[in-house]
Each structure stands twice: as C-alpha cells, then as structure tokens.
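Sharing a structure, written as structure tokens. Questions coming.
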Amino acid sequence: MTQCFFEYATPKILVIRSKKVGTVNRLIQALIIAYVIGYVCVLKRGYQDTDSVISSVTTKVKGIALTDTPDLGLRVWDVADYIIPPQEESSFFVLTNMIITPNQTQSHCPEVPGLNCSWTCTSDADCTPGLKDVRGNGVQTGNCVNYNATVKTCEVLAWCPLESEEVNMTKPPMLADAENFTVLIKNNIRYPKFNFNKRNILPHITRDYLTHCIYNATTDPDCPIFTLKYIVSAAQEDFQTMAMLGGVIGIQIRWDCDLDMPASWCIPRYSFRRLDNKDPENNVAPGYNFRFAKYYKTANDVEVRTLIKGFGIRFDVMVFGEAGKFSIVPMLLNIGAGLALLGVVTVVCDWIVLTFMKKKHQYAEEKYSYVDDFGLLSETAE
Amino acid sequence: MTQCFFEYATPKILVIRSKKVGTVNRLIQALIIAYVIGYVCVLKRGYQDTDSVISSVTTKVKGIALTDTPDLGLRVWDVADYIIPPQEESSFFVLTNMIITPNQTQSHCPEVPGLNCSWTCTSDADCTPGLKDVRGNGVQTGNCVNYNATVKTCEVLAWCPLESEEVNMTKPPMLADAENFTVLIKNNIRYPKFNFNKRNILPHITRDYLTHCIYNATTDPDCPIFTLKYIVSAAQEDFQTMAMLGGVIGIQIRWDCDLDMPASWCIPRYSFRRLDNKDPENNVAPGYNFRFAKYYKTANDVEVRTLIKGFGIRFDVMVFGEAGKFSIVPMLLNIGAGLALLGVVTVVCDWIVLTFMKKKHQYAEEKYSYVDDFGLLSETAE
Amino acid sequence: MTQCFFEYATPKILVIRSKKVGTVNRLIQALIIAYVIGYVCVLKRGYQDTDSVISSVTTKVKGIALTDTPDLGLRVWDVADYIIPPQEESSFFVLTNMIITPNQTQSHCPEVPGLNCSWTCTSDADCTPGLKDVRGNGVQTGNCVNYNATVKTCEVLAWCPLESEEVNMTKPPMLADAENFTVLIKNNIRYPKFNFNKRNILPHITRDYLTHCIYNATTDPDCPIFTLKYIVSAAQEDFQTMAMLGGVIGIQIRWDCDLDMPASWCIPRYSFRRLDNKDPENNVAPGYNFRFAKYYKTANDVEVRTLIKGFGIRFDVMVFGEAGKFSIVPMLLNIGAGLALLGVVTVVCDWIVLTFMKKKHQYAEEKYSYVDDFGLLSETAE
C-alpha cells in the first residue's frame, strides 16, 4: 500500500510529427488559451468576485420662481413652496404647474360635466342619491341643478367649489423659472461584501469648487450640482414642454468599480432618462401630477382648504453598479473550465488524423490496442 | 524546436471490447451529456449572463369616501384627504380609520391613565416635575389632578386635550368605502447591463382599454389599474378587518426576462402578500398607523392643531426580477465543467474493469506499464 | 457499429514508482482536493445558488421633547411635530434643531447681505429689477433699502420677513431630548427565488418582551426597539453634536441566510454608520436640513406661513444580504472545475520527471512513442 502511495501514473503518449495536424493542434490550443487569459481574465475579469451596491441619497434644491396669475397676483415661490413633500429618500418632486382651487368647504354643488358629459342630467331622476363614483368628485344628493346657464348636472356633497375642468394649460407653465433651479445630490454607496464605502463628492473636490460648480458631462463631470434644465435636456426632453403636464426623470448614478485598482478609480457616472411614457397612444393620465391640500380654519371654526392639483417633474435618483475584487474561487473556476476545454483539442485532432490523413491506419495501430471479452486477444502492435 | 512545434501528442488508448463495461461507459456518458445540455443549458439557461432590475414606480389613487361621525358630521373624503403624504416613491398609504383630536393647544391637562394605570396618582408626591416619559404624552408639572370623577392622574404640559384612549374601534372603519378605491400603478424598469427598458403598460395596450379596465389575474392580467379590495383579498386578507387597525400589503411585480427571446415576451407578473405581522403573540403595535397634525392659528394668533392618529393600509410596490442574455463566458464555463465531468466516466469504468471482471489481470497488464526508480525495469507487456 | 457501442476506451498508463515524484504527485492532488472540498464547498458554499433580498420597512418613533425659546416659550414636541414627513418608506427624519421664521407674507423687504455681502448696495443702480438669483431669497425690485442702521441691501419681493442669517447655533440643539426617543423598526424580507419570507421580530420573541426591551448589541441583539442615542453612538458619533446641524445615519440590517440550515438560523444583524460627510474640507452644506412651511390664513384671508429650516437626523434603514440554497448546477460546476485542475498534477509531475530525474531518458522512452509523417517509423520501444 505504502508503495502504491509513491506511485505516479502518467498516460502513455503517442507523438505524431506532422506539419498539418501539429499546426491545427497548436492553433486550437492558442485559441483556447487566448480566450481564457485574454477574454475571461482580462476583459471580463473572471478572477473577481462581485457585489452589488447599496446606497443612500440626499438632495437639496435651490431656486426662486415668480408667478403672476389673476387669482394669486404677483407671487414668489421658494423651496418650501414647490418641493412636496419637503424631503424624500432618493427622489424629489419639483412643482412646475398647477390648478389651484381655493376656499373649498364641505358643501353641496353641481358636479362637473365630466368627459362625454357623464354627469349631465335633465331631471332629478337622472341622479342616484348616495352614488359614489370613482370618477366623480363627491357623493350625489339626487338633485339635478344648474351647472351653468346651459348645462344641468347632478348635485354632489363634496369639497365645493369643485376643481374646474376647463383650465388653460397653455405654455408657459406657471413655474417656468423652475428650469434654472439647481439641485445638489449627495450619494453615499457601500459594497457590503468588500466593506467599501464611497461618496459622489470625491476627496479631491474642494469646498470652494462646490460653491460655484455646475455639472456638465464634459467640463465638470465630478460636480454634484445640477441645473434642472440640464438634466431634462440630457434626457432628450424639452423642459418647458415637460413642465406643462409633468413627468418622471431618472437620474442614474452608475458605480462600476474594480476594487483591485486604486479606490480613486471608482467614480460615479451620471446619466439621465425619461421614465414615464409621453406617448398618448398606449397611456392614460400622461405626465405626472397629484392633488394635495392646505387646510385652514375660518374665524367661525369652519374647515376650509385650498386644493392644488400639482403638475411637476419627479426626479428619481437611481443608483446601481457592480464592484469586483480578486477572489480565488471564481478564478480557479474559470481556469479549471479553461483547462477542460483544452481537452477538446485532442478530440478534434484525433478526428482529423484518423479520418483524413493517408497514413491513418498506421496511426490507429499505434494509438489503439484492443482487448476483448471474448477470450481472444486483439491484434495489437505488440 | 520548430520540429517540436509540429508535434501532436495524443494519449495511447486501450480499447476494451466488453458488453458490460461498454454499456456502463456509454450510460454514464449519456447521463452527463444529458445533464449538461438538457438541464444546465436548456432549463437553467447556463449560457446566459444575468442582471437584476432597477425600477421606478408612480401611483395614482382614485375614489371618494363618505363618513358620518358625531364630531365631524357628514363629510366627503377625496384623494387629497386620505393619501398621506400626497406622493411617495414606490409606495402609497391609504387612510382607512382614525382617531381625531381637534383643537389641541399647548397647555396643561391631566395625563391619560395609560395601560396598567401607570400615570394615576393620589397626591402631587406621586408626580415628578419635569418627567418626560417615552410612553407619556407630555412633561409632568408635578401636580396630581382629576382625570375624571373617579381617577386622578399627574398633570402634564402637552398638546391638550390629549388623545383619548378609550376610542370605539368598532367595525366598520371610518373610511369603509376605501375598498372601492382604484389605483393606477406605473412601473418603469431597466436592466442596465443589457441596456433594456420596459414599462408595465405594455405596447399593445390602448388608451381606450386603460380608461375602463380593472386588473384581474385571470381576465385582465395586463391592466395596471387595481381595486384596493382586490389587492387585499388577493393577499388572503379581509379588507374591512384590515382597515380597522391598518397594515402593510406588498404589491410584488416580478420581471423575469429571457432577453434572447422577443422583448414582448418580457412581461410583469403581479402578486400580493401581507407584510406586517397580524399575529398578536409575538408582535407589538399591531397594524399600521402614525400620527400627524394639521396646524391652524386662531384669530389671536394662538397655534392650534388637529391631531390625527391615522390607521390605514400601506401598499409597498416591490419590483424584482432577473434578466438573462446569451454570453460566451458562462456558456464555456458550463461546457468546460461538463467536459471535466466526463473524465469521471473513465475513473468509474476503470474501477469496474479492474475490480469485478474476471479477466481484470489481463486488462491491468495491457493498461499499465511499470518503471521504477530502483534500477530494475518493470515487467511490462513490451 | 453496435460493436463500437460496446467498446470502452481507457488511456494506457505508465506507472512510475519513485518516492520523489510520487510524493509531489500526491501532495498536489491533496492540495487541490482539499481546496475544492474544504474551501469551495465548505467555506464558500460553492454548491449553493444565491438570491438577494427584497425588503419592506416600517418605523414608529416615540418620545416627548421640551423646548424653551424666547419666541415660542415653553413648548412640548411630540411625534406629530418632529417627524417630517409623518411616514416614509424605509427611512425616518427626526427634527433636532431649527430656525423658525414666523408670520411670513408675500411682500417687499431688504435682502439679507449674504456671504461676502453679495446683496449689499449703495444705490438703486446696484440692484437689477426682476433678478432671480439661485442663492437669493426673492425677486429684486430694483430698490436699494436699509437692511439695518449700517448696511443697505437690494429690496426683494419674497416671503417677508426673510429667514435671518445670524442665528445662534449654540449647543445644545433645540430638541436635545431627542436622544432619548425610541424607534421600533419592523422589517419584512423575502428571498423570491426560494420563496422564503421572514421578519426581524423573531418567532420566539413575546409581546411582553417587546413592550419593555431596548436593543443592545450584546444583551438584547433581537430587540427591534432602538434609542436614537444608542444608534448614533454605535455609529461613532456624538448625538448632541450631530443634532446641531443634522446628518444622515444608516441603520444597516444584514440578512445572510444559509437556507439549507433551519430557518431559525437566519436572523438579522444590525450595524450603524454615518452616511453624510462631516469633514468640511471637501463638502458643502454640511449636515442635513431642509425647509418646510406651515400655511395659515389671517382673518382677512391673507396667506401667512411659518417657515422652518429644520435640522435633524435622517435614519436610512438599509436592508441587504444574500441567501444560499443547495443547487445542482453550481455544485457540479465547481466539482467539474476541480477535476479539471487535477489535470494540472500530471503536467507538473511530467515536467519534474522529464527534467530533473537522472533516469529521465528511460521514462521518456517508456512514455512516448513517435510516428512521423515522413514515411519512416519513429524509434519506439516496440
């Protein structure tokens, strides 16, 4: 047994000296080795273990907008007015246009006609008391009242007066100035598997630079301060058009890091993309808007609210990426697989040798010996 | 050396002609090949590189609710009232039940007794001035005052009057109508590695269809508009029961895509699941609720607030999935490993041959030649 | 052909009996086998398929803070006051310090001088009517008015009075009591690939325990209730210092699960880390703050607001982790690659044998037979 331990088994090899086969043989070998080393290891970094990013984002918008509307008069809008809600996790909404319905109270008023006039009526009979329709604005009382001189609609209990439908959504949007707003985006990422943290405000950036810089893909790729207009146009959209009905823009931050390299090489790459569907064909409720209200109380303790249908652009900061770091397992996995592929060479060459070459019988004789189960020995070279 | 380049080395093979071993040999080979091709390549798509999804979600709830309470009277609730906050990133909260405490001001009032009457007192000695307990509602003044005819509790500086504890949480919840609300969910996904984008509103869906469709797993699996009741019951819950104390429901959107197939085959799959723990045994603060306030000012500039303890259902839209696309590395990795496994065949068969077959010695003689380090040649067949 | 099916080909082996080579041979073999079994399979669990977590988080903060400021007087702050917005998806913001500017109305007032006095002026000529500067607080009217006895600044249309700049940010922060607040974090995770769900409130935890427990890494690692102070100090920060200007803290919940083991072994691990950059060198707008406003209406229907610049700590709950479960593909992949690596042994040993051993020629003669394409047979042992 001990003797067996000191044995070393190596296959007997038949060496064929032939320009043709030899060349084929070397070629295929070269090919496979080139693939494993060049492609897998160098290009695809197959020797690396990977991890995906976890991230935290904070944003800070700056800017002033001036509006001049008949009902509001000259009005200045600042951050506290147009950022709703005041803070979110990794996105921010900028109000750009709105329908304001002030002084709503819980009372009765005629429903708005609605599309294809679903709420118009001629007599009370057309209205069903207590009907709460998902598309309606309130609970029907059962009365049919004058909506205006010509049209009668069912009366509803609701926040009255109702938000009017025929609003002039003509350019420019109310907060056309919003395009000049700037946003500071702070992003902190972590690759837990490698215990690696980094910020999008890179170490070499000075406080001084940050106070005046504005991101530009070519001139200032490291500045974390963006103008909304730049972001929107980088997403191939026109800000003023988009601001009318609102929309959703993705601010994509890609962190692809090779952690075998200096950490300073791991930097964020920004890209911008419109996320909502502006094509009206296969879409409903185009753009992006939502309703919110400011609640007041009158002197005589009646609750009054100002309803605002806010149209605006929501910016979603999407952080993604993959980090790679040398790891023994994936490397040996790829090398092992590569070696296995080398076995293919023999198969191919043998096939060539034993099929095409004129001296194939001699090769076969040399290569193969036969022994069979039927008592008689095979005609081997021995 | 050049000559060596044109050499081609192939192992010398001993072919054993035997029904038994031959069959075993072929069987194992077949098995391994079947596994590699059938299972790895076809089923598990081992030839694909994978990427995980990044997503953006917007939601829009529609619906009207009517409530009739002693303190509020007949009241209509619309989106601006029951969606808090008015917009979130990938989730939305629908208010279904609440405890309203109007007209709170900063003043002094008796603390509520609290569970196991921790705040009851008999004399001022029982109250510690300035005590701020995490479970209390205010800062104790040190006085012991009448909470009601029978009970005395420590006085606190707080938003008074305090939220009463004995509230009637009897069915139905205040906004029982919420079950009929509908929500439109827009989801935009991206597989960055493959630069592939898609929306859950599929290209073939028409605007017309979207205006009236309602999601149903069997009849309308592509409609992105859901009724809250459907969602909750799909998560095996009863809406009215859940609406009482609130809860959290996960709306799971799965995007599993084989990008070697037409993009149109890559469609979202919806599923629903309750995320919070309703089992009271190992749980605290069951359901889902949070407090928020509306702030008013009285004529004489005193700040007054209406405190609302809002119970409701939070719907978290969770988007996940994996996309696969042909890639040379994983494919060759699997093939290489497969080839390597074929090596196992020889090992197994040799073992059989050299152990069980009666002519094993002859085989051994044919297969092995010996040479040792001890000067004398081994007795080989040659 | 059928005969060929029953053939079994095995390479002819030359066995070299030599202490040296034999030992080397066995050593390398042992090494590779140890690696594949010990490292890949046992340590790295290479036989497992992995999936990454999807999660849902809800938080509930409790606590009371008392402030005593000249303009507000003695005031109690509860959850509804200091949590803004009242609920978020997987993070929560606790107000700790603020600059309050009450009774703002849309009107005219002198701009604040600003850093390096960019808004100071000597005559109207220095002010440009209609100028909306991103760093300004309003729209300039073109007049140069007295800011105070000594300084003149450009007049602006804005929410006046403006937020003053020289605010005393002296310790302690307004809501110093916040350090005693507690937060209950409920986390529900899912590994979709394995259809595995779990909560951070573990099954064995009783309702009773939850009512009084406080998380402590060593004594109470399973309690989901944290004091803010503990969280901040676990992130190597001082709460009172951080509360001054605010900041962002990451609450990291790691779910690393081996699903081949009992599910009860899969438990969350909490860790805490500061996410924002406190180093002023390469940072701008240090800390974390945002502006929000409460809107009121006066008796004569003028909109008035209280602007609050809120400094506070945002806690981001970051859930991550990886689950592994036995899967045939990765296992055979690793085994296959391992077998292939065994091929390396032969290469190495052959090289040793044929290079260093004194009887190398004899070995070569035994191992190799030659045949060439040039008509004449090679000088083989036969």
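For clarity, chains are labelled A, B and C in written order, and residue numbers in each chain start from 1.
Following the convention adopted for this analysis, a residue touches a chain if its C-beta (ideal position, glycine included) is under 8 Å from a C-beta of that chain, and two chains touch if they have at least 3 such contacts.
If you want to know which protein each chain is, UniProt gives these names: A, B, C = P2X purinoceptor.
A quick note: this is a predicted structure, and the numbers were derived from the prediction, not measured.
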### Task
Tell me whether chain A (P2X purinoceptor) and chain B (P2X purinoceptor), two copies of the same sequence, contact each other through the same residue numbers or different ones, using over half shared as the line for same.
different
### Angle of the C-alpha superposing rotation, chain A (P2X purinoceptor) to chain C (P2X purinoceptor), to the nearest 5 degrees
120
### Message
Taking the mean of the C-alpha atoms as each chain's centre, how many Å separate chain A (P2X purinoceptor) from chain B (P2X purinoceptor)?
### Response
18
### Task
Pull out every residue in chain A (P2X purinoceptor) that's touching 2 or more other chains.
9, 11-19, 52, 85, 88-89, 296, 299, 333-334, 336-337, 339-340, 366, 368-369, 382
### Summary
In the complex, the residues of chain A (P2X purinoceptor) that touch chain B (P2X purinoceptor) are 9, 11-19, 21-26, 35, 39-40, 44, 46, 52, 84-85, 88-91, 93, 106, 130, 132-139, 157-159, 248, 250, 252, 254, 273, 275-277, 280-285, 288, 290-293, 295-297, 299, 305, 307, 310, 314, 316, 318, 320, 333-334, 336-341, 343-344, 346, 349-350, 353, 366-374, 378, 382
#### Entry: Footprint of chain B (P2X purinoceptor) on chain C (P2X purinoceptor) - complex, ascending
3, 5-20, 52, 54, 56, 58, 60, 62-66, 74-76, 78-81, 83, 85-89, 177, 180-182, 184, 186, 188, 190, 192, 197, 199, 201-207, 210-211, 294, 296, 299, 304, 328-329, 332-337, 339-340, 357, 359, 362-363, 366, 368-369, 381-382
